[in-house]
Every structure is written in C-alpha cells, then in structure tokens.
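Chains: A, B, C and D, in written order; residue numbering restarts at 1 for each.
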C-alpha cells in the first residue's frame, strides 16, 4: 500500500490477460460456494466499509477535503470519488447493462492510471479539482452505492460468484484509501500554522520501562498467505524459508528513546547512516522525525489534534527507513527481515491479530504500551495496529508469485523495486484490514505514514 | 505589478527609512489640502474598491477560492484576506489604539513578506490554507471594512492627511490584486478537464482587416508621471528622453495573425528566437500560446467561460515576451520601447485613457477591434484595457528614481532585474487603475497575464 | 563494487572500532602461519597487480587519462593515484616510521572519503586535476611500490601478519579499480564523435542457437563465503537458505535476442516495466541499451575498439536492471535470485571458476558462447567473466553480517539500500578477482558496467 | 562577449540573408580601397593575433588545456581549435577551391553552433575531447595559418575586398576567445587544491585613498560607434540620447572597500538586494566574491598565480551584477547606465583609450590605481583595461540596430534578453580589442569574468 498503490490501473489491453484468469482461485474467498448466505455478508461488509469513509470525512469542511500537500498525497474528496469510481468501473458498467454514470467525465477524473499518454499531470494536480464539488462527490457515492446494493441483492448466483473477488478487492482497496485519507490529511494540514484540530488528542502515556528482547528459534519456516481467504497477490504463495535464530524487541521504540538518538548526535554521524540516507539527510536538512519541531528547547509534534507537546512514552512514528536504519545502527542492533517479523507474528498471533486485535483509536496518535511487568517472560506487544514497522527487506516477489489476473495485475507487482517492506498495520489502518502476512511497502525516504521502529538482533 | 509585487513587504527596520519621508510629496494625491471634501471621495473609493473584490468572488465556490495552480498564483481567498490585512496592518493597528484583530494569527498567514527566515514555504503553500474558511475571511473583511470606514469618518484632518497616501496605496494595491484574482483563477481552473465556466463567453468578433502603421516623429520627449495625482514610485519622476522616429501598429495582433506564425513554423525556427527564448521553448515543449490546444486540427482555448473555439479576430493574449519577440522578428518588425509606447499614448490619450477608456468587460476575453475604416488616417486603437503589451524595455529605474518611503520601499524597486515592461492594461485591469505612464513588469517566460503584442518598427 | 565502493573511507574515529578487531579472523588468508613462504607470494601478487594497472594505461595519452564522463566515473589517472594512496595511507604511514610522501597534498587529493565537511565538490571534479601530471602520478606509484616491496621484504613476521589483511585488501581494492578503469574509460570516450579505438575489436561470433533451460532442485542450501581465503565482508558469513525448485537459462542473452525485444515494442509497453523503471525510461528517453545507436536502420555500438556494427551473436551488455527486468517480463520469465545463482554456480563451479575460468580478453567486448551441441544435456555456460548478471535480489546484509573492522567498515555495508546484486564477473574483471560468492551491486538505472541478463523461471 | 557569444553560428539557410548584404558597408574597415598597402597590415594583424593565442598557451600542459570547469567555460585546446575552424570555414573553404582540411571531422567538433538537432550535448562535454591531442590541434592551427597567409598574399584585390570584413571579424573573434582563455582557465584551475601558478603574482598595491566623484553635465549626447572602423553590430548605429546630470566615481571599487560591505553584513541584508539577487545569494550560499575564501580570519584569493592573500588596495573583480547592485545600494549610490558610462568615456578618451591605454599586465590580477593627488580636480581613472564595469543597463538593441549580414547575424542579437551590459575591458582583454563604444554582456549571476564596480549617482 505504497503511495503509488492507491493508483490502481486497469487498462483494457491484451497484455492484461497474459497470466490467465485467476478468478477461480479466489472465488471462495467469501465462501461463495455457500451462496447465498455469503451474499448478505458481502453486502454488509460493502456498506460498512463505504460508511466508514463517510464517517471519517464528516468533521472536515469542503475546503479541508481539497488539500493536497504533495504529489504523493491526494485530497480527501478525491479518495471518496476514486474508491467510488472503482465499483462503478469494475462492477456496475460491466454487469449492469442499463447503468448510467451521473457524469461520464468522472471516468477520467477519478481514474488513477497514469502510464498512458497526456494525462500524467493529473496526479500532482488533484488538489485543483474544485469541481465537482464535495456535494456532487457525495451524491456520486450515494448513487453508486444504491446501484451496487441493488445489484448485489439481485444478481444471479453465477454473476455474483464471478464478481465476488472484484467486490472484495474493491472493499480492500477502499480500506487502503481510508488509511491514506488519515495520513494524507495529516500531512496536508501540517502546513497550516493555525494547527487545526480534527481529532481528539492522545492522553498522556505511561512509561513502558526498559526495552527487553524476545528470542526466537530459527530453522525451517512457512511464510506467506495460504489463499483460503482474501489476500493480496503479493502475500502469496505460502512458501518455505530458512531462518537463523534471532531476537525481536518486545515493543516498538518510543519518542523518548528516539530523542536520545537525536541528543547523542545521531543525525550528525555519517557512520550510522547508509550512503543514500546520509545524502537524503544532508540535502533535505533532516534533523528530526516528520512533524517534530523544537521551540525554546521544548519539542512539539503536529498531530490531527493540533500541535501538542512530545510525549516521550508514546510510540514513535513518522520516521523514514533511513532514520530507522540509523537508529538501529546506533543501538548496535538492526531491523528485522520481513520473514523474521512474520514468523514471530505467527507464533504470537492469538495475542494481537484477533478480530479485536486492532485498536479503534484511529484518531489517536500511536499509543505507548504502558508499564510492562518485568517479572514475566518478555513477549511481543503492539505488533498490530500501532505503527507500521520498517523491515530490512526490500519489496520483491515471493517465489512463485503470480499477479492478480486481468486489470488488477498492476496492483502490486510493478512496485517491486526500490521500496522496503513494512509490517503490522498502524493506528490508521481500518480494523480487520491487515493481517500477519500483510506486506506494506514504501520508499526509504517516505515518512508521512505512521511508520516506526521495532529493533531486531542476532541470537546471542 | 509582477507576480511578485502582490507580495508587499513591510519590515520595521532602520533601512526602511533611509530615503526620508516622502509622505509630504504624496499628501495631496487626494487633494487632501481641500479636506474634508476629499474625505468623502476617499471613503467612496475605498468602499467601491472593496466591494468590487466581493462582486468578483461571488460566483465562486469556497473550493474554487482555494485553488493555487502554481507558486506564482494565489488562491482567491488569500487575495481577499491579504488585501484586508494591508489596511489592518498599516492603518488600523497604528492609528486606532483600541483596534483588536479578529485573529492575531492572520498577521502572519496573510503577510506576503518572504525574505525573513523560516517562512518561505508559505508562498507556494497558500492553497493549503483550508482554515480559516471562506466565511471567516469574509467576516474578517467586513470587520476591517467597518473599522476603516469608522476611522475614515472620524479621524482628525491631520491624521487623515498623514495616512491618505497609505489609504490610496491600499486601494491601488487591492486593484492590482483584483487583476491577479482574474488571472490566477483562470490559470488554476485550467487544470480541470471539466472546464468550468464562471463568466460569459465573448461573442464572435469582426475581422479588423490588414494591419496598418501609425508614424510618430521622434526628438525630445517627456516620460513618466508628473506626481500630481497618485502614481507608483516606479513611474516617477517625469524626465526627458530622446526618441528616433518610429511607427506603431494601429492595433494589437489577433489570434488569427498569430496562428499564421504557428503555421509558418515559427516555433521551430531558432533564428527567430533570442537564445534564452529558444532554450525555454525547447525545454518546456512550447508550441502555442498558453491555454491554446489543438484537437483534430481545430484550435480551442481555455477561458473563464470554459473551453471555446479559437476566434481568429479576437485579440491575442497569454503569450510570453519570448513569443512576442519571435513573432515580431518573423514580421521583420520589433517590439516598441516603453518610451515609444508612452510617447504615442500621450499623443492619443484622449481617445483611450479617459474615464471610460477601460472597457467593463473584465469577464470577457480580450476583444478584437472590429472593421477599421481604411479610408481614414490610421490611428492607435486598443491601447488601454485590452491586453498588456510587451515592450522591448527591461524594467529599470527612471533617472532620479526614489522608492516610496518607509515600508512601501520594497514595492517596486527590488524587481528591477530580469523583467520586461508591459504597457496599457488589460481586460482584467480594474477601471481607472492604469494610466499612460503605468509600468507593469513580468519575467520573459510569464504567460498567465493577459499579455499580447503590438508591433513597432523604425521610421521608413 | 558499486560506483560508490571505489570510494573508501577511513576516518580515524571511535565508531570505527566498534565491531572489534577482526584482523585475527583474516590473518591466514595468505596462509601467514606458514611465513615466510607466503611472504613471497604476497610480494608477487602485489607486484603483478600493480603492473596490471600500468599495462592497461599504457596505450592511453595523458589527455585520455584526464577524462571524467560523469560524476560516477573517475579519470584513469585518478584511479592510478587513489590505489597508490591506499597502500601509502594504510601500510606505509603506520608501519614505516621514516616514510615521507612525495607530496603531502596527495593525501587529500586522492582520498575518496566524502562524508566530511567542505570537500564534497571533489568527486565530480576529479576530471579537473590537470596537476599533478600523469608523469608525477606514475612517479608516485613507483615511489610507493618501491617502499612497499622494501617493507614487505623486511618486515618482521609479526608486522607482516598484522598487516597481511590490509595488503590483501589493497590488492583486491586495486583489482576493483582496474575494472572501473575499463568501464569508466569506455564511458568517457563515448562522447567523442571521433570514436577513438584503444583496443582490438571482437571477431564475429557464432550463433549459439535457441536458448535452453537447466533445472535445479531446491531445498536447503548453503550461501556465502566460508572465510578460509580472502573475501569481502558482504559475502560472509556462510549461512543456510531454502530454495524452491528453479531453472536457469544455459547462457546469457545475446544482442540479437534483445533486439527482438526492441523490435516488438518492449520499450513502449508500460506493463512490462516496474513503475520506477517506466518513469526512468520516459524521463531519460531510453530506447536501447547504453552505447547502441541506430543509423539508417542499422545498429551500431560504441566500444573500446571504436564504433562497430552490432553483432547479434555476441553477449548483450550495458543494460540497466530496469531493462533486464522488463526483458524478463517480456519473456514470461524472471531474473534469478542471488541465492539461486550462487547455488547453481556452486554445482557447476569446476567448469568456470577455476584459475583459468576468467577469459583474458579484457579488451574485447563480451563474447558469445558459440554453437551449443543440443544433443547434450544443457549445462550452464559463461557464468564467470563474461557479463555481470543482474539478479532480482536487492543488496542487503547476510544474516550475521559483520563489517570489516576499523576503517574498512564503510567498504560495503553503507551501500545496502536501493541497489541490486549482480553476479559472475565480466570481461573487464581482472583474472582471479571474482568468485562464485562474489556480490557486486549497482543502482537499477546504472548501465556503464558490463551488465547483462541471464533468465530464470520457476520449475515446471 | 558573453559566455554564449563565443559560440558562433553560421547556418547556411535562407533566413540568414534577410537583412541584406552589409559587406559593402564594412569594406573599408581596413581601408581596402587603398589596397594593397592594407593587405600587409591585415596579414600582420592576423599573424600577430594568432601568435598571441599560442603565447598564452605556452606554459600550459596538454592536461591543463583539457580543463572545462563548467558548461559556460571551454578548454583552452578547444578555444585554439575553434578559432582556427572559423578561418577554415569562412575563408578557406569558400575561397580556396583546392583546400583540404587536415581532418573533416573537425568541422563538427569545433563548430560551436548548437541550435540544430542532436548535437547539444557537446557544449558541456568539450572537456571530454582527449582526441585530437594538443599536438594535433597545434598542427591544425599551423596548417590553417599557412593556408591563410598564402591566400591573403595571393588573393585578387576583389576577393580580398570581398572577404576583408570576415577576416577582421575572425581576428576580433579570436581576441574575444583570448579573453575567455584567461578567465576559463582561471575558473577551471580553481578546483585544484594544489593551486597551480601559471602567471606572476601582482605586487602589493598602493592605497588609492578615499573615493571621489567626477560630475558630468547631461543633455543631448551621441552614443554608439560611427562605423568608420571595425566594430560589432551591437555597437551601431551611432544615435542620440538624452542624459540627466550625473556623477561617476573616479575609480573602481577596491577589495578593501568591498570587504567593508561584507563586514557590515551586506550579504545578510535582503533590503540591499534585488529580489532575484537575494534568491541567488540564498540558494547558492554566496558570502563573498568568487575566488575569495576565509581561513582563520584571513582572506585569500585564488588567482592565476596561485592562492594569495587579499590585497585591499587592488581593484575588486569577480563579482556578479547582483553583488555590484547590492554594494551600490549599500553605498546609497547606483550603477551607471551604459549611456552615462560611454558619454563620460568619450569626454576622457585621450587618457585611456589610446594605443597604450590597455595595460600589458594580462597575467596580473587587476591593479589598483595607487595614491591619487587630491589637490587636483578629480578625473576618471582605470576606465579601460582593468575590470569590466557592470552597468544598470540591460543588454538590448540600439535604435536602428541591424545584425551583421549572413551567418554572422547570430553573433550578438540573439542574446538581447536577461543580460546586463559591462563596459571598459579588463586586464584579460587583448590590447587594442576594446573601445569606448564596446558592449560586453553577461547574465546577472555570472562572476568568472574580471567584472568589477564603478559607482554612479545623480547630480547633487
């Protein structure tokens, strides 16, 4: 779910069908063999997801929803329209013969595909779409939602089975955009010195105490999704890897721990940084995580709740891979590989990837984890739903990787260069969206996601 | 009135008082020696000007008023607030002891000064000010207007005399921003493929016939403003120049005439272009004036009335100095010097710089001038209020130039490098704002103003 | 051996000693426990390596040796001086009390360290060092060589044992620069339309026939160097990995096969490219491998033997990772992981990594492999010493990776972001330098090395 | 003679003949009506000029003559070849039927024309022409010189008359390149920390005392060249201007006077700078004139005689127009217009534009003018041959300007945008080359010429 993946591409050309139709392998993601019981679940999931976008946007003004702080981010209004365009384009137009779009021009305005001629300017200019208005976009959503529900209720079992994967993909696609709605808005509002507050502030966190380590035995392990429920193509197939023994930190790094790195001169010591990271730091004049600023010796952070004093016990977020890597080097540690991370997450899955595993505090900043009982054996905490944890693994294909069939084939595979994997989900990830096998990916300088650090090291 | 001059700078430092107080020389711009009669005129001018900004903005949505198409342009809402900030900062705060701003943070948000540390990001990020909302900005305007009128009505004659120049400057400053409100909006809307129409289209224009030339005798001439009424510092002092004999085209170039240049390969012939212009053309891939686009062999233009077919008889606008210069070269002609232009304008002034000299068709594109009676002696037409006419003169100080005293000193002088003079005013210039001595200036690649071409050549 | 690794960094600071002294683990790379027999071998290896640089430079004029075609490349004269500076700085100055440099300023001019303040301009300005002259640099080499041999002959066994690793590192460092001397010169000469020839042309190659595949069984495998002889830190430690079954192409791709990709529109089809690769191709207007140019429908290549017609049977070189990846996609294949490549190389090692495994045709372009007997079971060919083969593996640390101790710690680890691994060595790699575990790495757009393509795919 | 004008362009196309043949108006520049006496003078001038280039180059190594410090500068070897190519291309090839170039490829390599397709990379890559070698270039010069002298001696009077202007232009063209040979070499050597000395150092200068002013009466004045001897097209025609009364400083600013500006914080005060200048200063981190550097509180300068301590009494050089303008502002003065400068120079011409007016200390830095007798009426000093003096006048066409006919038409006119006029000639200008009407021009940030400051102000 990099900055780029919210740009789905659905060209209608021959190349798109090269990998063969994989719908059949996805057909029972929603247990569609047990239709029609699944039909109701799908409708409910669709409606709940669509409503969640509206709920998030509710406190925002039409002007707030226009903001585009940089080319990598999109206005909230655009997210609302683009996720709607997805269902219109891939379900309604092909399936509903009499369907008429409220405005045929939306097909271009809200299609994120940008590799074809003449339209590349649009991505960085999404903030210039004052028209259609927010009201028109909301009407577009309502129109498409009504048509979708009507179709979902009335489609034949065969038609529904044929499209169930695309509907599920559309829901997951919208969930990805919901996370971007949070992070893009936060970024875009950060330029306003009036520091608008659109969410509740995080209460003061408790000191989690010194960092402890959890050991894991290596050897043969299984990595990746088993394909029995919905998952993205890049999580598949499940396959064997071999791990050395390793250790993970029991929890992510806190703001206070990162502050020590700053105060120890971590941003001024080239030997802690990879070469590209040092160049980035120098040329961009980076001295602290994104949104941190110092005033009269005191540190503050820009948040969705306005400008607040830095809480040393809260979980660190908004660091780049370069900063995460330098911090780990400073600690004589390293980042985990994604295989180590997933292996450890599987072993502890019951603790944090249940249906309630994700906190509902999306509008908070990442919490800390509070005092830890050090008489207990250390165990992993906050693996899910707090911050995306940078790994040392570059984003690449699993052995036997097959892109989604058809137009969905560009969803993930085309980004397999120059990006690093993040794991775990953040406070902005919608509940139920992520899982232990989920692979997020961003470029090493990217910082506007809720990205943090969990340290790893070799076994002693 | 370059892109930069709407960025007034009012630092309170010693250097600002170097040139001595020039208020005395401006004190009777509004006939302030005849107070209080002048007081009413000033109030009326203030109110009329302030209302004109509101009238322009009325058809625009809050989202439209957020748009910032490039760093050189500003959102309409920002223009509305910045012009208000001017009166608050330079009249109300110094003059009205009990004055309280509705929000002290506006003092920073709407100050355009950008040479001081740490705030340079703001200019290109004005489009990210979703807060304050448009409603709050309009309330800010109403609050300041009420306070201004109250002060104007009740100030002592002495206080009024002392501030009359700054009030007049604030009015002229707002008029400059009114022109930018038109051109910035036009530019920012141009990225929206829905081509919103916020103004009436220009009716089909009549063919003006072949271009004729008007001869002028050179010799000793007077250039510049006589300082008896309001004028900017850069128009002064009036001084002697020497001109050779010359000729000016009776009217500006039309779209159709420029189309001939395109069709003759003018954009592909390096010998027609100055070196920097050719580099600009190549690197920016320029093939036509701004807002022109060709589709299926037909030419269209983006306008405030949406996308319209190119009218060959309408006056050409939105060309850079580079394009104007190349066109003139292609015609074996040249651009006029600003001295030639002003000299000719003075001789013909009655025809076009009277109180009705400026057309009221601000929301139109520049008109053409219709069929010309060729049995008559040619005379200059459309010198005022149609398009700004690029001259061959680089923007520099007149002999004896003195910047405005105090904080207004940065208004014009600091831009005297790398820019060219334009003369005459455009269809977007507010009525009564420009005059024959008025010096506008932009960089040679700039095109988002209503800038056109009037040819000149040496006497035969 | 990326463009950056020829920039050794040897800061004298505390951080450099963090990893502890690893000299002890390297002390017997040259069998130093069997001194003094090893002493002679070391002297011979030192002298042979030093002479090899001179031999390469011999046909070049002083002006040729000044050329720096881009910041990533260095002039030949600079390579000659920098490799000399290495021995002076790390052996002679610490070990020989009475050693006096011919010119103390060389310590700065030829130190490639660039992370410290104020000297960053130097890297891209190496081509501006007209002084010292080539003669002076050659005298510097002779002076240092004499001092080194004298020291190597007379040092105590203890002193030699202590420094043996650094001497070996210096020799390997010079071998890396020898490869860069070839590729940097080729690049820098390519701008001269006179197409100077400084090497013999490659004779016409024979058609190798259709590409066949060699299957390999996966499972548990060992990867990395066993540390018993000299190897770079990034090749170590040897560790276990798990592989799926896979296939490798028996030989690298030829020019002719890549030409089919071009003629099939491969450079115009975005779906074949990763997103960053497509952006690279578009913005750099890439239409063919580096050094290829088309004239009147005929393809030519710039080589060290001048401009020659493209030989369709010769091995392809000078493609970026982006091009390699797109080509593989077009073939419904993929690039090998570095683990697959090394696993396959180990199984076939006798064939190509023997002492004579590397061809001596350094001054040729990469050869093809000639007609293959298709009655035979396919086997891997040209794995070593032809072209560096791009893998799909991003450059990262092996599990348990420990950087070299002391100043050598920056040699490799700091480049572990944004680069891809290449394997096998090229026609420009000095004989004996590379091995099956050797990890080369470059950025995905880099093309000035002899980089080519060997396809891989999953087992059927 | 901007950085760009040493790039002559001689396309053979129709447009080149638009302005009609002006050879007739130049035919008697060398008194060709009095042939053959003039023939000998022309030969002598040709030979002397050609030798002067060789003399300058003599102390430089082949490697020195390869240096190209930035795209605006060219290697000395390229200057030697390009000036030769001029005579070959415009005299020998058209006039001498049997002429054969030593190498036809030189016609491309040493043609500076860069507006035609496919060859634009060459300008910034001139430093990569290791071949042809310096020896080959010197042989090329000798070959062309011999052919030229043979032709000059034997051409018919008619042929000579027809070509005399082009021969004179070629001589003046080479003189312009001679100045660039000095300034380009100085710039390119400045990157070498070994600070090579290729010229004698300037002896300590004497304190000229406080700056005095020389008043001039305005009114009607004549500006420009009378066309009776050789002059460039941009100096013509002579025409009338009108001047206000003004004053000029008696001498240029010294290093010591500029140091006061630095120490008074001149580089940190935005109000002293034009807007573009302040942006330039900020983005380029400019804190002092080019070649100045401070070490332990002491100022040093890079010169052709190596690195030397700053002499406060020597004339300031290597400042940009931006710095000159800010300095003048700081002094409550201004730069002269070019009309004021030329008017003053005409009145004082006998003093400094005689045959010995230019100093022969080309290899020195600009001298100071020593103690001035303050009992005397102040008069202008050092107007010629010390430093090019920035004026406030943008480079533009004189009224009635006609470019040279034919291929020489691109020589000057195409640069008439964004550049400022400099007057007077510098210590690097060849003796006899400049004159009171001579117009040099560079971009406002350019600093690698010997450019300095003479202040002006309005009459009291």
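As a working rule, a contact is a pair of C-beta atoms (placed from the backbone, for glycine too) under 8 Å apart; a residue touches a chain by one contact, two chains touch by 3 or more.
Remember, predicted model here, so these are calculated numbers, not experimental data.
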Original post:
From the centre of subunit C, which chain's CA centre is farthest?
Top reply: B
Original post:
What whole-number Å value describes the gap between the mean CA coordinates of subunit C and subunit D?
Top reply: 47
Subject >> Averaged-CA centre spacing for the pair subunit D and subunit A, given as whole angstrom >> reply: 60
Original post:
Between subunit B and subunit D, what's the gap in Å when you average each chain's C-alpha atoms?
Top reply: 38
Subject >> Multi-chain contact sites of subunit D, meaning residues that touch two or more partners >> reply: none
Original post:
Touch graph of the chains shown: is it line, ring, star, complete or other?
Top reply: ring
Subject >> Complex contacts: residues of subunit C adjacent to subunit D >> reply: 61-64, 66-67, 69, 105, 108-109, 121-122, 125, 127-134, 188-189, 191-194, 196
Subject >> subunit D partner contacts - residues on subunit B that touch it in the complex >> reply: 4, 11, 13, 15-16, 18, 115-116, 220, 239-242, 244, 246, 269-278, 321-322, 325, 332, 334, 392-394, 396-397, 399-400, 409-410, 413-418, 444, 458
